[in-house]
Amino acid sequence: MATVKLLTDAEIEVIPAAKAVFDDIRATRKSDFINNFWRGLANDPPLLKRTWESLKAVMAVEGVLDPLTREMIYIAVSTANGCSYCVHSHTAAAKARGMTEAQHAELLAVIGLAGQTNHLVTAMQIPVDEAFL
Amino acid sequence: MATVKLLTDAEIEVIPAAKAVFDDIRATRKSDFINNFWRGLANDPPLLKRTWESLKAVMAVEGVLDPLTREMIYIAVSTANGCSYCVHSHTAAAKARGMTEAQHAELLAVIGLAGQTNHLVTAMQIPVDEAFL
Amino acid sequence: MATVKLLTDAEIEVIPAAKAVFDDIRATRKSDFINNFWRGLANDPPLLKRTWESLKAVMAVEGVLDPLTREMIYIAVSTANGCSYCVHSHTAAAKARGMTEAQHAELLAVIGLAGQTNHLVTAMQIPVDEAFL
Amino acid sequence: MATVKLLTDAEIEVIPAAKAVFDDIRATRKSDFINNFWRGLANDPPLLKRTWESLKAVMAVEGVLDPLTREMIYIAVSTANGCSYCVHSHTAAAKARGMTEAQHAELLAVIGLAGQTNHLVTAMQIPVDEAFL
Amino acid sequence: MATVKLLTDAEIEVIPAAKAVFDDIRATRKSDFINNFWRGLANDPPLLKRTWESLKAVMAVEGVLDPLTREMIYIAVSTANGCSYCVHSHTAAAKARGMTEAQHAELLAVIGLAGQTNHLVTAMQIPVDEAFL
Amino acid sequence: MATVKLLTDAEIEVIPAAKAVFDDIRATRKSDFINNFWRGLANDPPLLKRTWESLKAVMAVEGVLDPLTREMIYIAVSTANGCSYCVHSHTAAAKARGMTEAQHAELLAVIGLAGQTNHLVTAMQIPVDEAFL
């Protein structure tokens, strides 16, 4: 269970500032479905709005990285942070953007390897090579 | 300073099992430069060999993700794990593979956003939506 | 399921060293309820005692920070560490100490922002300004 | 050394979008000093602007938590995330906002305790009590 | 639910590369039981094989650390990384290798203490003593 | 530089509560050397005392795990938490307690492997097997 209330559509309806964001999420994603993350944030409409505006600016617009690559980077961070919800939601998003099983497998291999070498480096306290500076 | 000795080329020369790996690193990377990480691992030749074989299999071969994407995923994990050396070395690797300033900026934006929403989700303990399962 | 047994009141009854701590928890909190964390620690009465004594010294006495502020700091650390149980239990404690929805929302906003800038700083490997030293 | 260029005032001068943010940082903080974090972000003016706008909205306005409490929460998250720069910069900010040595000491005590119980809970995999849900 | 399919024995049967690893896991462990981790990895037979070969080389062979010590170190890392599945599986493995309740309790005490002092050190940004370098 | 003052022996001399702990550290360790961690904690004598008493109870007494094993577990946690100072100080402590290069290498191999499988498990969101519960 969440530590905040997950607002229903009926509850959102009477909070204009939240309603406006929900409308924009639905319009941008061309889908009526709104996931729990936004329903939790809706308790604080300004935070909801800032977070959605950032997400839209970073993930939902044309950029120099393709949308699937951005979702895979998101999964990588979420994994290292141990955020179960985020791994689930962004893996779903990556699949929706066409991530194949082979790409998913390769993503997992890179994440696992990075996890390993990150730990080895830290345990050995390797100093940064001059060449990298 | 490292918690293990960083072996010099002269020291590697007399450890055949480590020497073989260093030779392969140089041949694979077409460069004489070997960074400190491998010099630390060389204290344990089997660990050195296993780690290099994994890195080669994951990062240095043809795959379904292009090499630059893999390096950016590596940076993402290393950032969330707070591994300074790893962020430096893989950012250098990504630049060597052609990462532009615009791509780097977009990578940073995604990493930062993921860091934010990971924390928000965990603080709110958002339950995973049925739709993601 | 826990990796240790969660001791029931009946089981605690026959372990005097654990019983004494449980009695003190109940007296200090003026409540009969003892949460699972202490029931797990009770398998090691000295660890139970040390942990409770520390918690009492840090969280349950008069200090220069008010009790609610301390609970919010606890939530912040628990979130960044991804400890679901801890986020739940300390959010409940903060609410019991009067945290309003507006305060909770502001706490979430700070936690999320810190998560974002922590990641940006690490990905950019920003050197500490002289002015901060 | 950073993985991005830390832009000087002269370099900022010729990037209007970054210049506008730097001007606002200076005006808001009533100080000419701009720390390295912003100089790194300035490579991506939209990211600089979004991050500053968020920081201003969360940290620099009147709210229900006093500014010092917000800085202490920031330190708590930054510590758990192992962000050295962030611990330094927000400890400096907290001191600038009047954090006394006694308050700092109490903050440290709470952070340390939370670190300990977070680990104990995770190692024991304590299930969340019904009472917290 | 997992983000990948957990392959059943019937599905493994028709993937020779995965089948060979599963056979070796069963032979090495002298048990028919194969846990979910391997069923997830089996979607990528080369990753499955590399991971199992590493695990076998590190955990299942004669070494200078006894097998139980290695499992306790594994639990320690998994706890700090907040990996619930890993804490469960390696605590089960440690118990199977003879970990007593007293050893488990002492392991928990060390993990908790390290969690605490790690946080205190980071919050204070203690510089490394010359004596440790 | 630390965010707190690192108290010198002369400064400790005039704080009886801190002086008593420093005396006990020296007596317990049979060494005059006191590392920076304690000099930082000394700003808050009760926290100094509680932390030292815990450390003594967990690390410096006869237990069911030998002292070297406890230090290796400490290194494992400190690595996963990315605490550079802690990795340095506890690796030094482990070496002082007789950790051989071969044992250190094996410790590193376990830590690295755990880092890898922790990440793989989280990215795949593997559900805990019934057999582990």
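Letters are used for the chains, namely A, B, C, D, E and F, taken in the order the chains are written, and counting of residues starts over at 1 for each.
By definition in this document, a contact is a pair of C-beta atoms (placed from the backbone, for glycine too) under 8 Å apart; a residue touches a chain by one contact, two chains touch by 3 or more.
As the structure is a prediction and not an experimental result, all values here were calculated from the model.
K.L.:
Which is the least count of steps on a path of touching chains running from subunit B to subunit D?
P.N.:
Each step joins two touching chains, and the minimum needed here is 1.
K.L.:
What's the chain with its C-alpha centre farthest out from subunit D?
P.N.:
Here the answer is chain E, farthest from subunit D.
K.L.:
Could you check which of A-F, B-F or B-C has the same interface as B-D, with more than half of the contact pairs identical by residue number?
P.N.:
B-F
K.L.:
Tell me which has more C-beta contacts between its two chains, A-E or B-E.
P.N.:
A-E
K.L.:
How big is the gap, in whole Å, between where the Cα atoms of subunit C centre and where those of subunit D centre?
P.N.:
Between these chains, centre-to-centre, one finds 22 Å.
K.L.:
Mind checking the centre-to-centre distance between subunit D and subunit E? Centres are C-alpha means, answer in whole Å.
P.N.:
35
K.L.:
Report, in whole Å, the distance between the mean C-alpha point of subunit C and the mean C-alpha point of subunit E.
P.N.:
27
K.L.:
Find every residue in subunit F that makes contact with two or more other chains and list them.
P.N.:
Touching at least two other chains: 1, 3-4, 51, 54, 57, 77, 79-84, 87-88, 91, 107-109, 111-120, 122-125, 133.
K.L.:
Can the chain contact pattern be summarised as a line, a ring, a star, a complete graph, or none of these (other)?
P.N.:
Per interface graph, the chains form a complete graph.
K.L.:
Report the residues of subunit B in contact with subunit E in the complex, numbered from low to high.
P.N.:
Residues 1, 46, 50, 53-54, 57, 133 of subunit B touch subunit E in their complex.
K.L.:
Residues of subunit D touching subunit E in their complex?
P.N.:
Listed in rising order, the residues are 75, 79-80, 82, 84, 87-88, 107-108, 111-120, 122-125.
K.L.:
For subunit D, which residues count as touching subunit C in their complex?
P.N.:
Going by the criterion above, the answer is residues 1-4, 6, 33, 35-37, 40-41, 51, 54-55, 57-59, 63-65, 69-70, 72-74, 76-81, 83-86, 88-92, 100, 102-103, 106-107, 109-111, 113-129, 131-133.
K.L.:
Which subunit F residues qualify as touching subunit D in the complex?
P.N.:
3-4, 43-44, 47, 51, 77, 81-83
K.L.:
Going by the contact rule set out above, which residues of subunit F touch subunit B in the complex?
P.N.:
Touching subunit B from subunit F are residues 82, 87-88, 91, 101, 104-105, 108-109, 112, 119.
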